[in-house]
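Across the two complexes that follow, subunit A remains constant while its partner is subunit B and subsequently subunit C.
For the complex of A and B:
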């Protein structure tokens, strides 16, 4: 498993964990305190930020060659998939409230940083998954 | 449009060349070991320059190492009645 795969795994785990815990927290808070305050459960998404430390944790690969044409191709395809996902996220974040609330409704600007955060998370998550899918999820078959 | 596949003899050639390891071939071709693994297993089709590098490592022609197969060539090889 190379460095890119390790970083991708840590990002997928951190983002998934943050998302799952947020959903659980929101569900519990919704029952206990009601809707506007239940959104505080999103605070668990901070766990996803821990994935940002992964490039510091995983050292550069050893060996004569650490990056080649296949890595470059995988990186480019993963970035494209991530960009597509983030574009879709922004599109849905704009169009769903518009469709539900109608053209004359107003929204709090508090949603803007949330959309920004969600866009970033969707970008990193899909890029990481695309990297793992292209390299293969495991080390299976890696032998001399 | 028919499906196509690039097969290769890299594994056999490595063993014919003094049981060369994937890492040794990777170092000679200037790629990572993972790329050699992916090429050997047919999961990745190398670029033309890399195919040349691998061929030169073994002292062979590209055609001796990589074989391109598609549906058209298979059906023509089998003859018109196939």
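For the complex of A and C:
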């Protein structure tokens, strides 16, 4: 596997793990203490932040050619996919509450940073998945 | 004016027209306090009709198809600037109210579509300005 694949895998695993643990925690807490205390389960999303260390953990590839035109094209396509997905997330996160709750309803200010966090996570997740789809999910034929 | 500059002005104009059309619709929905799953279905049906229509019209008249390598490079750089501008705008709009008002306070739900429309406009504005500024700088260097 090349560096880009390893970083992509670590981001996918970190974000998926954080999301799944958060959902499980919220479900368990909902039964025990009900809403809104169950939302404390979102704290597990902090695990997704560990994916941010992956560029430090996976050092740059050795050799003279580490990043060629094909890598550039793959990275660009993945960035476009991530950008589109994050934009879709912002659109849904903004319009669905507006449609369901109504414009004159109120909501807690804390949801605004949550929207920003969700946008970032969706960007990194979809970009990583797009990189893995284009390079391949395992280590075959990905070397530059 | 080059194809690239025309495309930048065209896209900026289209987004401005969309904002001008959207704002009265938005204020009308706010005034009516429109809510319910019916509106989601209406939005979905309208999007399913208008999106392919715009795609067909825009694709035929698209300026981007005839860009040369230099123009493609300028467009790519402008896209990067637009992505950065969008991220900074969204970060400011989402995080500043949190610190200014406090997490325990409440805001009206109608600020959310305003945030979304704002990000659309900000992204296209930065994209178009980046193209126009790069073209202007290249013309200055050329002279």
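Criterion: the second predicted complex is superposed on the first by the 139 of 144 C-alpha atoms of A that agree within 3 Å, B and C clash if a C-alpha of one lies under 4 Å from a C-alpha of the other, contacts with A are read in each partner's own complex, and residues count from 1 in each chain.
Definition applied: a residue touches a chain if its C-beta (ideal position, glycine included) is under 8 Å from a C-beta of that chain, and two chains touch if they have at least 3 such contacts.
As the structure is a prediction and not an experimental result, all values here were calculated from the model.
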### Query
Is A:40 touching the first partner subunit B, the second partner subunit C, both, or neither of them?
neither
### Task
Quick one: classify A:94 as touching subunit B (first), subunit C (second), both or neither.
second
### Task
Would you check which partner chain A:135 touches, where first means subunit B only, second means subunit C only, and both and neither mean what they say?
first
### Task
Mind working out whether A:2 is in touch with subunit B, subunit C, both or neither, as first, second, both or neither?
first
### Partner with the higher number of touched subunit A residues, subunit C or subunit B
C
### Query
Once the shared chain is lined up, is A:83 touching subunit B (first), subunit C (second), both, or neither of them?
second
### Query
In the superposed arrangement, which partner chain does A:115 touch: subunit B (first), subunit C (second), both, or neither?
second
### Message
Under the stated touch criterion, which partner chain does A:102 make contact with: subunit B (first), subunit C (second), both, or neither?
### Response
second
### Message
Contacts for A:71 in the overlay, against subunit B (first) and subunit C (second): which applies, first, second, both or neither?
### Response
first
### Message
Per the contact definition in the header, classify A:23: touching subunit B only (first), subunit C only (second), both, or neither.
### Response
neither
### Query
How about subunit C: which of its residues touch subunit A in the complex?
29-30, 33-37, 39-40, 43, 76, 83, 90-91, 93-95, 97-98, 101-110, 112-113, 115-116, 119
### Query
Can you list the residues on subunit A that touch subunit C in the complex?
76, 79, 83, 87, 90-91, 93-110, 112-113, 115-116, 119
### Summary
The answer for subunit A against subunit B in the complex is residues 2, 61, 63-71, 135-136, 141-144
### Task
Report the residues of subunit B in contact with subunit A in the complex, numbered from low to high.
21-23, 26-27, 30-35, 37-38, 41, 43-44, 46-47, 50
